[in-house]
Structures are given as structure tokens and as C-alpha cells.
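Pasting the structures here.
In the two complexes that follow, chain A is the common piece, with chain B as its partner first and chain C second.
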Partner chain A sequence: MALNKRERKNTELKVALAGNPNSGKTTMFNELTGSRQHVGNWPGVTVEKKTGRAFYQDYSLEVIDLPGTYSLGAYSEDEVVARDFLTAGDYDVVLNIINSANLDRNLYFTVQLLEMGVDLIAVLNMADEAEKKGIKIDKNKLSQLLGTPVVETVASRGRGIDNLLEQTVQNRDLSEASLKINYGSDIEDLISEVVEMLKQYDFSQQINQRWAAVKLIEHDPEAVKLLEREVGASKAKKIKSLIAERELKAEDDFDNVIIDKKYEFINKVIAESVQRPTADEEPENVSDKIDAVVTNKYLGIPIFMAVMWAIFKFTFTLGDPLIGYIETFFEIAGGWIGTQLLEIGVSPLISSFITDGIIGGVGSVLVFIPNIFLLFLAIGVLEDSGYMSRAAYVMDKVMSKLGLHGKSFIPMIVGFGCNVPGVMATRTLDSKRDRIISILINPLMSCSARLPVYVVFAGALFSSHASTVVFSLYLMGIVMAVIMAGIFNKILFKGERSHFVMELPPYRFPTLKGVIIHMWEKVGAFLKKAGTIIFSVVVLIWVLANLPLGVEYASAESFIGQFGQLVAPIFAPLGFGSWQAAASLVFGILAKEVVVGTLGVVYAAGEGGLRTALLANFTPLAAYSFLTMVLLYTPCIATLGAIKSETQSWKWTLITASYLFVLAWITAFVIYQGGMLLGIGV
Partner chain B sequence: MEAKITLSESMEDYLEAIFNLIKENGSARVTDIANSLGIAASSVNQGLKKLNEQGLIKQQKYGPIKLTQSGVQAAEKVNCKHQILYLFLHKTLGVEPETADQDACSIEHVLSQQSFEKMVDYLIENNYIEEQNCAFKFMENEEEEKMAAKEFMLDSMSVGSKAEVLKIESKGRLKRKLMDMGLNRGARVEVKGKAPMGDPIEIKVRGYSLSLRQDEAAEILVKEV
Partner chain C sequence: MPLAMLRQGETACIKEIVGGRTARGKLTDMGFVSGKTVKIHRSSGGPLIVGLGDNRIALGRGMAHKVIVDNKGCEN
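Up next is the complex of A and B:
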């Protein structure tokens, strides 16, 4: 297609990956560019455009990974991203990633692109799965019927990539001819007339006129908007009336006919180029068998609960002993380094910076690497297995009773890892209203950054019930999310009717590579965060704890102490009115791990260990109240940033920041004062 | 029509007996039923309980037994089959009246609708029955039922059944979305399962699994295949 294609050097190509959701685009992208973008076995993993570079022979390819979409109709935000990119036409070749095991529906999108005149290579990905299903595709025949090159690949195992690159660079200038489907005499006549009118009205030559005509005839809202922009409202009206007039006389709605004809065309193509086993030869479908159990009427919800519980248990129980070792290591290291530094005559100030500041602050956060590691391992397996869509499916009824959508469960589960991708994952929700509510409650999903805070407190104060206490916090987050969703549902604008038309992908065995990549990515991100934000904040706090000059380190008279005292009265009714607690909460908004880091610095935890300090400063009740606050209060700035960019509104961002603070305060108040009255944990 | 329930042979016998007793005496009591069927009163009570559960009879404690509207229909139908069988055996094959009556009694329970209709056709052709015969009622009804049974909405399909899409009755974006997902005219669908609480449902279409809420499924017209 020749739409505003930029002049590029001969050896430079701009290549876009497009296709149905979950067809393996991102897997292919990673394979081509060596990136490590998020891959998962459910539709809608990628929600934004990602760019990378691939090199082949002398060529340099700019590769763009797009969100998946079933058609150019675009219903949700992520689909809009893909549609806008594809219709703008700023690329040389589209690699249309197709799930070979599901040709019918995948080709429907291919046909739409071909009709538009896009230069594309049909990439028959997941060839392994097609083979397993006994589907045999005659590539040459298919290529001939579609009028475009066809390549077979298995992206997840890197098979066929070289061939694909070869085809890509060879076919950078494909024929200009677009695919023509015969829509029957009524519509064909109308198409000719509309094309004639478009020519007459000087409709942009950049756009394939026949394609535009077909889009107008099927009442595509975007095409209508485009027409109005191009030729003005009055001329657009003439074309629209002509179409409406004809449609009145026709037997069936034109859009029905057009879609039917597309599928008819596809059926013909498939009949000529694909051999499929008959119904009784078909190998048995394992996914259906698993589904019969997992989404069972009685077992579905209990299984869902069990899965959540198992993830939690896995993360917490397995991680706990490991934390102990690392903690001991940091304590011993802190003490040893401290004495060594003093012995070699380093000034006490620098020694304090290293032991109190760095080891006490950053160290107390790094201790939690095992948990983070395990949590993301579990989420990775869950995401790759195909269960995510089933969780949405099983929970949809319950969720819709609460005014939410089954699909909102996916951002919620993602949110257990981190709220930023959680908030972004709401893009796949079609209804704006579902989306806003899901964004507003996402911070209530206890993210991995809060885990260190729970673990350190639980270990110090609730040793025998540590796991129960932490689990109760996760549960509290979910319960609060449900309650708040119910409330927002009542008070928010009434939205359009939502639906639950969603593909359930086949179960796949999580690939070791996929899970490990996912896990390393996240652990790497955690380490990076520890080295940047957390480190800087900790240094800042250490400095504030040493100023004004000559003040006793981390005393109430230090800057941080004074600042903490200023804020502390707000939290006094909640049982933790100390300036240390107050300061840690305020700085915790920068990143939730900082709560632990700050406490580590101000309690000079390098030598004694943070747990000992907490035991001395918190009653169990006050600690639980504090944890409730950490769970529920204002999300970190990164999450607030994501909310701002996703909602495009300061209003929703401020509402989230403040409602959560109020909710946290009230809940902690009730817990603390209630506990005091009943005399629990005082 | 209501009579979708398939009754067991003995249930049909009970119904018939009650129907005949009411016609003859104006009422049916347990002892009368037991007598006419030649079985013990205690078994009759059990049978009545079942009929009651299926909404075919109404029985006040110790009071007379009454047929509900659907009960009357079901009984009439059994009765009618009996008549037709009797006529067919007796008039066309020349079976002795008593034997014909007895045989009709046993065949009536297993007689298919098709055989029933063919017999009626044959009897009409040879002028053995007249216009007002009971058979006409049941032939028409069956036809209507069949018409109705062939086309229905996707949400009324049970798990494991297959159908072909005739029409999407939704409007606007939802309709487009459904059709984009491959649910257009001619697509074969199979209901794979239902989520807890019966909603949403999972269907197979064009070789992949798709979930839909009942509300959405209720707007998809399908035809049994």
C-alpha cells in the first residue's frame, strides 16, 4: 500500500506485527528483536505499541508490535491502537501473525487487511499446534488464493524466523493490487456508484477507494467520520443517503451480507488449501477436558479460590526461610562492615552511611527478593497456562452482580504483581465505565512492593501466625475492592451495556523460557528500583536524619524527625503516632518498598535488624493497623502516573489518591480502636 | 405446546385410567384406579405422586383426583393414539376387536409420532375416520411444536448440543463484535459448558472456544442440526 509511506533507505524497513489477539505476535517480536516483552496465554496481553530493531543481512528492520485485534472495527482501547496504526499506513510490510490452528477466524482479519491494500506476509504461526490437530495447509495454494506470500513459523521455538526475514526483505514492494471479494450484484453495483462519487468528490487518492466504499456500505463509524472529514458533511450525506436508500430495498442488512460474503470467501479458500480431519478422526481436545473440570458448575469457583490460595502459599511459605538467610547475612555483614570501617579509621559519618543508610535501608528491601521471585514465578505460570481467561469466565457472574466485568479479573490478578501493568491491562475492557471502575480499585490489589512491608512486620510481631496475617491482608484488599466497586457502581455514571464475548485460548504448558524471562524481567525491575528510587530515597532520608549538623542521628530533632512529628498526629488515632511510622508512610508514596527502607534507616537497622526494632516499637494491634494502612492508602506515584495517563484525567487520579487514603484511615481506625475496646493484641 | 415431558409407560397408563374414570364417573378415586389397572392401591399412590410432581394432576388430601390442563392434554393424546391404533388394527388389518384393543394398549406407549401420522393419513385416505377425530388436534400440534423446536435462541441450548447460526438479532457494536468473532449466518456452534450459576456459557465456533453471556446468547437465533 502506498499510503504516506516514508522515503526510507533501501536497506531500511518498517515492519508491523498485526493479527488476532494471542496469535503469538509478541513472541515473534521478541524472537525478531531480542526484546523481552510480556507474553501470556490470553487475548489482550499487549495493550500498547512497542518498537524494536531486527537485523538481517544488510537490512535493518524497525519492528512494531501491536495489540491484537479481531477486525478493524476496534471496540476497546487496545484495538484502537492497532487499528489507528494500521490504517495510517506508515510502514512497509505487515507481518500478519496467524494462528494456524484457527484459520477461519484469523483469515477474516487477513482478508480485511488485504482488501485495504496492505502489503502483507501471511505468517502461519503455531504450525506445531495445527500439526497436532491434524490440519494440513498447502502453503503455495493458500498464497496463490490470497495473492500474498505465506510463511510457516513456530515463534515459541524460533522455527521459521530466518525464512520469514528473508521473505520480508524480498517482498518489501508487493503488488499494489488489493484483494477483491465479490459481494453480489446488488452490493457490487452500489460499490461502483460509491467509488464513482468518491472520485467526483476528490476523496483522498491515498486510500483504496473500493475499500472505503465497502466500509461505508457496512456503516463503519470510522469510515463515515473519515468521509465527512474528507469531503464535507453535505457531500458525505449524499453518499450515506444513497446507501441507506439501497439498503431499504435490499432483503438483508448490507453489513450482514458483507460479513457473510467474507466468510464465504474464506471458506472457499480453506476448502481449496487446507485439509482437516473429519470430526471423528480429530484428536481429542485436552483443553475441553480441562475446561470441563476447571469451569465446572460446582468446582469452578472453589478451584479459582484454591488457585489464588496456592499462589499465596507458594510465595510466602517457600520464600520465608530464604528471607531469614538473607536477613542474617545483611545483619552480619552490617555489623562486620561497621567494625571494619571503624577499625581502618573511616569517619563515623561514612560508616553510618554505609551501615545504617545503605545496608539498613536498601538491604532491608533487598531481603525480599525470594518472595518477589516466587510471586512472579507463580503469576508467570498462571499467565502462560491459559487460566487467566477462565478465571474471568468463572467469575463473570459474581463480578457483574457487583457491577464489574469478569474481564476485570485479569487486571486485578496482574495487579498482584504490580499495579502499573494492572491499570494498563484494563484497556481490554470495552466499556468505559467498566474500565474506570477497574482502574479505581486496582490499587487495592496488594502489589509485590507491599509484600516486604507485610513480611517484615509479620515476621517480627506475629511469628506463629505470620502467614495468616499476611493472607488476611490480601483478602482485605480484595474485599475492599469488591465493596468499593459496588459503591462506584451505584454512584458513577451509567455506562453502555457491556458484553462478555471473549475468546478462551487453549491451555498451554507454560514454557520454561517464557516463565523465566518473565520472572527475570520482574526481579530485574525490582533490583533496578532498589538501585534507583529506593536507593535515592534512602540516601535522602539518611541525610535528613543527620541534619541539622550535629544532631543525634535519627533523633526526633533531626529534619526527618521534625517532619515526621508534623505528620504523626494524623496517624495517632490509628495506633502508630510515632514520627518514624509517619515519615515512612509519607515517603512510601514514592514507592511502597520505601516504607521498609525508611524504617530501616530511621531505626538504624543495619546492625540490630529491623525486626528487633519493630518489636520494641509496635504492639501487634498497632502493627496490624499500620499494615492495613500500607495496604489501602494512596498508591505509589508510578501507579498514579499510570492512572493519569490511562484515564486522561486529573480528576480520576486525584479521586483515587484521596479516596484510598480516607478508606485506609477509616479502616485502620476501626481496627485499632475496635481492638483496643476488645483488648486484642494490645 | 406444553407436553414436552416424556412419560413412562406406566405413567401413561395411570393418566389414561384417570382420564377414563373421570369421563365415565365424573371423578377418579385411588381405589377405582387400582381396580381398573388391576394393581394395589399403594402402588397407585406412588404413581399419583409422580404425576403430581410433573404437574399433570392435582390431588387434595383425601379428595378426588383432578387432571390439570397439561394432564388432560397428555391423557387425550394417549387416548387418541389408542383409538387410532385400534382402528388401524381392526379396520385395515382385520384384527379381532378384543385383540386389537389389547395390542393397542401396549403399542400406544411406544408409537412414534411419524408412525402415528402415517396411520392417520392412511385411515383418512380410506375413509375410516372423519374430520372431527381426535387425531387432527395432535397432528397439528406436533407440527407446530416441531416448527418451534427447529429454531430457537442460543441461550436455550443445552450443554453438548449443536446448532447452526441463522441470525444475530443484536444491534450495533455487539452485533458487529459477534459477527467479527465468526458468529455469522451458517456458522456451526456447539455448547461446551456453562460457568457456575449458568452464566456465561462457553461455545465452540469455527474451531475455537468463545464465551458469551446468556443475554448475548439470547439474541442469536439458531437452528438445530
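Up next is the complex of A and C:
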């Protein structure tokens, strides 16, 4: 359509990837641009626009990955992102990524784009899956019927990419003609009349008038809004009442007729260009067989719990010995570097900076790389398998008691990796109320940044029960989320009842490449975080531990000690009233790993590392209470930032920050005081 | 009859989609349109799992009441 097509050099192209959710857009984006954006086998992985660059021959392509959408109707925030981008028209070509094994539904969106006059290439992706099902698509015929180029690809194996690029640059100037579907004489007459009326107005010169007319006849709210904005309410009313008048006379609502005609057109296209094996009774496929067990009424939830347990065990049990090695390495390295530095006559201050500050602080966080690595490996496999939407289906039983539905569970699972994408994933929920509740409870999902804190405490104080203790924290997070969702559901605004419709994609074998990319991305992000924010905070704390000048390092008289003492009384009733614990929690709001980093710096003076220091300063009960606090209290600033930008409201951000702190305090108080009364772990 | 009334394993033909604009829009976008055959893969209290061609779609009970079907199946 090229409304605002910017002036670009002949060799510069702006290309957008659009299509149904889970059709392989991001896989294609990564393949084209060499990026490593998040891919997963469930609908709604991508929720924001991403840009990358691809080069082909002399061409430079700006490639934009969009969230998936079933139509231009846009019922949720992520779909709005895609719709707004596509209707604004600031691109040269759309690569419409289509799931070839599911042509009719995918073409519904294609047809909408073509009607709008979008220059697009129909990309028949997942050609491998279509082939396996024996679906044969006559590309030339399809191309002719749709009036647009058709290319076949398998994005996950990089098949057909060159051809796609070739077609893209060759078709950068597609004809401006748009697809016309015959809607029957009643509607066609009305379209002509509306087009005539629209022609009077300047704004209509820049849009496809027929398309605008059809949208108005469908009562599309966006189209009506546009019209009212451009021509004023009274003139818009003339067009609206003409449509209303005709519709009254017609047998059927026009929007229904238009939808039916579109599908009729698609059916005809498919009948002429697609061959399917004619099985009388479609055989049950593997996915159905798995689903028969996994979504079973009684087995569903236990299986889900077992999956969580397995992921957890994998991360924890396999990671533990590896952590041991790295820990030993840092200890030996720290000691060796310390003596070397002294020998070459470096001042004790600098030596302390390196051994206590950097190795004690950043090192104590880096130790957990194996856990992070394994956790994201497991999450990657989970996300690629197709189980995510099954988990959402199964958990609908619980979620619906809270006034939410199963789809709200997906952001929660995402939150186990990190709450920032967890909060963003709520964009796929179409009710504002569901979205707010899901955002408010997302920080209760224990993210990977909290894992190091659990592991270091559990290792020091709960040796033989370490994994049970940590798993209990994960469960506590889920239970608290459920309780809080229930409470918010009661006290918050009564919203519209939301509609639960969710695709269950076929199970796919996780691709090694996909899983490794995902894991590398996350480990890379962790390293970057360690090198930036964690490093800076740790340095700050080391400095504060050395001031005022001449103070004993990390003593109660140092600045950090004084600051900690100021805050510590708040936590005293919870069993950890030391200034070290208080300081670590306050700085932990910058990033949760910093809790460990801070403790590493301030306890670095002691022999035998952090574990020994923790053993000396915490009882098991106090440690459990402390971990409860770390699990539940105020989320890190990155998460708060995400909440602010997603809710567009300081109110919700502050509510989240404060209710979580109160919840954490009360829970830790009950645990600690209860434990004291019963004499457990004291 | 509404789709929600069918039993597990039954197939039917979609006659029409009723309900508000949003609900209808979401259903037709997902391919619930008159003349298509649906199969109930699971119906056990919670949301349904229905088969629509090769698609498997989880459908809340409320939504399933908006899909009106004929359990005699589609012609031809």
C-alpha cells in the first residue's frame, strides 16, 4: 500500500514479517538477520516489534519481526502492535509467514492483507510438516489465484531462504493492485456508494478506498474511529446511517456475510491449488496421543507438577557439583592472586579490591553459571516442545477459580526465567483486568536471579535437604501467586469476562539449534549483568565498606555497616537483624543476584568463604525466613520498569512494589516466629 | 445446539457463531466459520479441546456456547 513509504535508496528495503502466531516468523527473522530472538512452540512468543538487518547481493534489508496475529482485528496488546505497524504502511514488502500445514486459517489473514493492498510475498513455511501430511500445494496456481508471489521455506532448517531473499528484492515494486473478493450484489453496491462518498474527502486519497469501505460496512471500530477523526462526527454519521439502513433490509448481518465470503474465496483457492490425501477417517496423530494423557482430567495437574519437579531437579542436582568446581577455582584463584599481589608490592587496598570486592562479590555470583545454564536449557526444551500451551490448558482449572483463565498461566511460566519477559508476556491477554492481575502476581514466580541466593544458603545450611528447601520456595511462590490472584480478583475492579481461545500447536522435537541459541542468549545476558550492574553495585559496596577512611574493612562502623544498621531493625523480628542481611536486601532491589554479591563482599573477610560465614551468622530457621523474604519481597528495578511501561501507571507499579514487601515481611514473620515457638531449626 | 453440549469424540458441523462482536471476531479468526467440521477431542468439565481440520484449539465453555453446530455433520 505504501502510504508513508519513506524515500529509500534503491538498494534499501524495509521488510516486515507478519502472519499467524507460531507460524515461524521469529525463526525466519533469526535466519535472515543472524539475530537470536526468542523462538518457542506456542502462540504469542513475540510480543513486541524487533528490528534486524539482512544483506543480499547489493541489497540491505531492514527486517522487522512482528507479534503473530490471526487477523487485523487486534484483540490484545501484542496484536495491536502488529496491526498498527501493518496499517501504518511504512514498509516496502511484507513477508507473510504461513504455516503450510494449516493453510485455510493462515490464508484468512493473507487475504485481509491483500485486500488492504499490502505488497506481500506469501511464504509457505513449515513445508516439511505439510509434506509429511501429504499436502501438495501448487505454488504457481496459488500465486496466480492470490495475485502475489509464493515461496516455499522451512525456516527451522534454513531451507528456501535464498530463494525468499531473491523473490523479495525482485518484487520490491509489486503492483499497487489489491485483491478484490466479490461480496455479492447487495454489499458490492453499497461498497461503490461508500467509496463515492469517501472520495470527497482528502484522507481517502492515501488509503485503499474499497478496503476502507469494506471495513466500515463491517463496523470495524478502528475504521469508524478513523472516519470520524478525519471527516467529523456529523459527516461520518451520514455514511454510517447509509450502511445501517441497508443492513436492516438485508437478510443477514453484513459482517457475517463478509466473513463467509472471505472463507468461501479461500476454500475455492485451496480447492484449486491444494491436494490432500483423502483419508476417510483422519488417523489420530502423535500429538493427539500425547494430549490424551497430558490433558487428562486427573493426570493433567500431577503431570505438570512432575515436569516442574524434573526441571528443577535437573537444574539443581546436575548443577551442584559444577558449582563446587567453580567455587574451588575462585577460592584458589583468589588466594593465589592475593599473595601474588602482595609479593609484587601492590598496596593492600588494591589487593582487597580485587580479592574481596571483585572475586568475593562478582565471583560469588558467577559461581552459579551452571545453574543458569541448566535452567535455561530445560526451559528452552519445555518451550520448544509445545507443552507450554498444554500446561496453560491444564492449569485453567486452577486459574478459573481465580477469575483468570488458563492463558494467564503462560506469563507465569515465562516468569520462572525472568519476570521482565513474564510481565511483557501478559500482552497476549485480551482483558485489561486479567492483564493487571497477571502483572501484579508475576514477580512471585521465582526467577533465575533468585536461584543463586537459594543455592548458596541451602548449600551452607541445609546440606542434605538443600533441594527440598529450594523446591519448597518455588512452590511457595506459586501458592502465594494463587492466593494473591484470588484476593485481587475479589477486591479489584470487576472487569469484562474474558474469552478463552488458545491454539495447541503440534508437539515438535526441540531443535538443538533453537535450544542452544536460547540458552546462550540467557547465559550471555547473565554474564553481561554480572559485568555491568552486579559489578558496579559490588564495587560501590566495597567502597562503602572502606569508608570513612581508616575504618576497619566491612565493619559495623563502615558506611555500609552504618547504613545496614539503620535498616536492620525492620528485619530483626524476622530473624535476620544483622546489618549485612539488611544491606544485601536493600541493594538486592537493583538486581536479585546482588544479595549474594553483597554478602560476598561484606563477609569476604572471613576464612573459608561465604558458606562458612553464613553458617556462623544464620540459624537454619533464620535462613529459611531470609530466603522467603528474597523470594517474595519488592521486585528488582528491571521488573518494576517493565511493570511501569506495560501498565503505563505509577499506581500499579507502586502497588506491586509495596504489597510484595508487606507480603514478604508477614510471611517471613510467621515462618520465623512460628518456627521459634515450635522450636524448629533454631 | 451449542458446541459445548457435544460429547467427547463427537463431530458436528458449524452452523453459525453467535455472541458479541469480540467473541465472534476471535472465533472466526481462529477458523470457526459455518460449514466447517469440528470434532470434540476433550470434554471433561474444563475447557474443551476441539479439532478444526488439523488444528487443535482449547476453547472455554463460554466460548463453546457461542458456536452453534449441527451434530448430523456437514453435507457432502
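FYI, the second predicted complex is superposed on the first by the 670 of 682 C-alpha atoms of A that agree within 3 Å, B and C clash if a C-alpha of one lies under 4 Å from a C-alpha of the other, contacts with A are read in each partner's own complex, and residues count from 1 in each chain.
Going forward, contacts are C-beta pairs under 8 Å (C-beta built on N, C-alpha and C of every residue); 3 or more make two chains touch, one makes a residue touch a chain.
All values derive from a computational prediction rather than experimental measurement.
Enquirer: Which term applies to chain B and chain C once both are placed on chain A by superposition, clash or fit?
Expert: Partners clash after overlay.
Enquirer: Contacts for A:260 in the overlay, against chain B (first) and chain C (second): which applies, first, second, both or neither?
Expert: Both partners.
Enquirer: In the superposed arrangement, does A:355 touch chain B (first), chain C (second), both or neither?
Expert: neither
Enquirer: Quick one: is A:405 in contact with chain B, with chain C, with both, or with neither? Answer first, second, both or neither.
Expert: A:405 contacts chain C only, not chain B.
Enquirer: Is A:396 contacted by the first partner chain B, the second partner chain C, both or neither?
Expert: A:396 sits against chain B and chain C alike.
Enquirer: What is the contact status of A:156 with respect to chain B (first) and chain C (second): first, second, both, or neither?
Expert: Neither chain B nor chain C is touched by A:156.
Enquirer: Kindly classify A:301 by the partners it touches after superposition: chain B alone (first), chain C alone (second), both, or neither?
Expert: A:301: touches chain B, not chain C.
Enquirer: May I ask you to decide whether A:546 touches chain B, chain C, both, or neither, giving the answer as first, second, both or neither?
Expert: Once the two structures are laid over each other on A, A:546 reaches no partner at all.
Enquirer: Would you sort A:108 into first (chain B), second (chain C), both or neither based on which partner it touches?
Expert: So A:108 meets both chain B and chain C here.
Enquirer: Quick check on the output: what are the common chain A residues between the chain B footprint and the chain C footprint?
Expert: Common to the two interfaces on chain A: residues 70-71, 73, 75, 101-102, 104-105, 108, 256, 259-260, 263, 287-288, 291, 295-297, 389, 393, 396-397, 400, 406, 497, 499-506.
Enquirer: Sort out for me which residues of chain C touch chain A in the complex.
Expert: Touch list, chain C to chain A: 16-17, 21-23, 25-31, 33-35, 41-42, 44-47, 49, 52-60, 62-63.
Enquirer: Given the complex with chain A, which residues does chain B contribute to the contact?
Expert: So the residues of chain B touching chain A come out as 168, 173-182, 184-187, 192-200, 202, 206-213, 215-216.
Enquirer: In their complex, what parts of chain A are in touch with chain C?
Expert: It comes out as residues 70-71, 73, 75, 101-102, 104-105, 108, 133, 219, 256, 259-260, 263, 287-288, 291, 295-297, 389, 392-393, 396-397, 400, 405-406, 430, 497, 499-506.
Enquirer: In their shared complex, at which residues does chain A touch chain B?
Expert: Touch list, chain A to chain B: 70-71, 73, 75, 101-105, 108, 255-256, 259-260, 263, 287-288, 291-292, 295-298, 300-301, 389, 393-394, 396-398, 400, 406, 497, 499-506.
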